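Quick notes on the structure that follows.
Each chain gets a letter, A, B, C and D, in the order it is written, and its residues are counted from 1.
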Amino acid sequence: MNKARLEAFSDGVIAVIITIMVLDLKVPHDADPHALVPLIPVFLSYVLSFIYVGIYWNNHHHMFHAVHRVNGAIPWANLHLLFWLSLVPFVTGWMDETHFAPFQVAAYGVVLIAAACAYTILTKVLVAEHGKDSLIARALGRDFKGNISLAIYVVAIAVAFWERWIACALYALVAAIWLVPDRRFERLLDEKRKVES
Amino acid sequence: MNKARLEAFSDGVIAVIITIMVLDLKVPHDADPHALVPLIPVFLSYVLSFIYVGIYWNNHHHMFHAVHRVNGAIPWANLHLLFWLSLVPFVTGWMDETHFAPFQVAAYGVVLIAAACAYTILTKVLVAEHGKDSLIARALGRDFKGNISLAIYVVAIAVAFWERWIACALYALVAAIWLVPDRRFERLLDEKRKVES
Amino acid sequence: MNKARLEAFSDGVIAVIITIMVLDLKVPHDADPHALVPLIPVFLSYVLSFIYVGIYWNNHHHMFHAVHRVNGAIPWANLHLLFWLSLVPFVTGWMDETHFAPFQVAAYGVVLIAAACAYTILTKVLVAEHGKDSLIARALGRDFKGNISLAIYVVAIAVAFWERWIACALYALVAAIWLVPDRRFERLLDEKRKVES
Amino acid sequence: MNKARLEAFSDGVIAVIITIMVLDLKVPHDADPHALVPLIPVFLSYVLSFIYVGIYWNNHHHMFHAVHRVNGAIPWANLHLLFWLSLVPFVTGWMDETHFAPFQVAAYGVVLIAAACAYTILTKVLVAEHGKDSLIARALGRDFKGNISLAIYVVAIAVAFWERWIACALYALVAAIWLVPDRRFERLLDEKRKVES
């Protein structure tokens, strides 16, 4: 099996997901600039979801640099991740449509948790194939950011029923944590290059 | 002709198919969590269709590893498969919209049979090009899973008019059969590698 | 410049065009199987448009095998072709929505003519870059099929205002002419291989 | 990191953006040819947006020929550009829906400015990685076209509130400036080849 087509397919699916979200930005029929005001939270949720999907693409891209072999389980672990990402436009639209009602804000967090778990499963499947001493296993390490993110998501979901804007702020906080690029793979690949030369 | 672009185009079409299905998950306008209840069967049908399209991508991906030459008929056999897959979002949405009415549940099965036949035609065209002793011919073998699937689809379509949920369960059963990865290609490629080394 | 990315982008755009057409197949809300009857012409127009876009992808794919250099004009000639192809879902939907009214059936033909002209322009630009003795120039030859198609389109557009189903039959006839694979490129590439070996 | 996947993902997103705009061309329900008249400005705005997205793809494609290394910041600068491009279908649809109201025509210009700035940021990030003497830095040079475009956009936005069609004409003017292919990269790559041979 080759990883090139797995990457190409993932790129295609993520590219479609990230762009169909813009279809949820319903065009206001009113020419009045004030018609834009209710669109502001909708726009911000679009920005947040765009960033989240972008983060997943970016991390996926980084991680697959260290992938050398693809077994039968990896495509399914990957599709599982894509499944949860494909629900991001749905939960974003649902939040928008219900004016950020508590249940829907919590549902957004549930999809984010599910995507994070799917990503973790994918990393486990990749590490199982490559071995505990492989570059990929060492690069992933203890996954501090991943664990922190899960904790914040859980808090955000609980908080959503009490004060939904705090939940949204917490989702934005997780995105901010991940926007800082993940240098683990770069650092190890650099080390490897130095050792080889 | 080269197979790279055939794979890239197929990946693109399948990526779009698998993600536009999420547009059928119409966002409920009601903030009430109970508005989610009628969405449950819709969601399950989305999951099932996602898995089906994922299975086709996965098998397509595996099979094309053993493809060495592309003749004039192969792109058309491939487009024929993509055509039936492109109807999966339509029949999924139609089942959802009619609350899983018998005729629509049967129609879902008809599209699945058509896609399965299109896949079989594609394999025949590939084997015709590569010869009966080729890796691809031997890997495909007697296609036990394919025949079983067709039989279950036929039963499911008949049963749909009598007890539609059994039909849905049978569709899920076929998906489960295929989720177990198809190791025929891997096994033969491994053998080939051993022989060569 | 490299042709790989031009091919990848074209594949992406054509993949999206060919699959968004299925969104025009509006799901009937009625569970009654008879609700399917008005869908039959809509379905047939979807099949025809799918085949047309498939033919363009296939010919594009074949022609680019013989492309060796990409100059500044080629991406624009290519985008021009993609522009007219992107209107195929629109005119297909418009025909469907107006129950194949004469003007809309003619409009479908106009977009087909425009796409055919755009394809011809692309071939001219490619031949201009590669020279009159290049493989691509010789493979394209006198373009008999292209000229016949243009003539049939013109007749079909005129006939649409008098008997629209004949126009539709003529569109299907052109598709049938092209479904027969274009062996010009294969033949010349084979000859070239023989000469080289 | 490799630039291939960055290019593939960008191609995917831009391919989806350029084709979902056609979904904004709402099919008129009326069979009367006159129903096409109000579609004319909508169609022209589609053409303009198609050209703009095509220009960005084309320039992106050219610029990445000179990219040799991808650091952690480049994917984000690239996603930032894709974000603003993804809003082009939205502002196009909004202009159409409000019959080119002044505020919406200005909003179109704001998205164009934002995309232009995002492109400039991407070039700065690429130059920072490759160095001031790199091929890419020299090819981009003083970016005369970019600065002129920004100036015209600002004028167009101001003019939109006074005479909106002049604003639209100015947007078309900028597109025309860029349609002339940017030969800076080709020229330098040619020089480089000559020096090397």
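Here is the rule we use: a contact is a pair of C-beta atoms (placed from the backbone, for glycine too) under 8 Å apart; a residue touches a chain by one contact, two chains touch by 3 or more.
The shown structure was predicted, so the numbers you read here are calculated from the model rather than taken from an experiment.
Visitor: Given that chain B is a copy of chain C, what angle of rotation, in degrees and a multiple of 5, matches their CA positions?
Guide: Rotation angle between the two copies comes out at 90 degrees.
Visitor: On a CA-centroid basis, which chain has its centre farthest from chain C's?
Guide: If we average the C-alpha coordinates per chain, A ends up farthest from chain C.
Visitor: Between chain A and chain D, two touching copies, which fits better, same or different residues at the interface, with half of the numbers shared as the threshold?
Guide: Under half shared, hence different.
Visitor: With chain centres defined as C-alpha means, what is the inter-centre distance between chain A and chain D in Å?
Guide: Roughly 26 Å separates the two chain centres.
Visitor: Can you compute the centre-to-centre distance for chain B and chain D, using the mean CA position of each chain? Integer Å is fine.
Guide: Computed value for the inter-centroid distance: 37 Å.
Visitor: Give the residues of chain B touching no fewer than two other chains, as numbers and ranges.
Guide: If we look for residues of chain B contacting two or more partner chains, we find 8, 12, 15-16, 20, 23.
Visitor: Which residues of chain D touch chain C in their complex?
Guide: Residue list for chain D touching chain C: 7-8, 11-12, 14-16, 18-20, 22-23, 25, 27-33, 47, 50, 54, 57-58, 61-62, 65, 179, 181, 183, 186.
Visitor: Spell out the residues on chain A that touch chain B in their complex, using ranges where they run on.
Guide: Chain A reaches chain B through residues 1-2, 5-6, 8-9, 12-13, 15-17, 20, 23, 72-73, 75-76, 79, 82-83, 86-87, 89-90, 93-94, 96-99, 101, 103-104.
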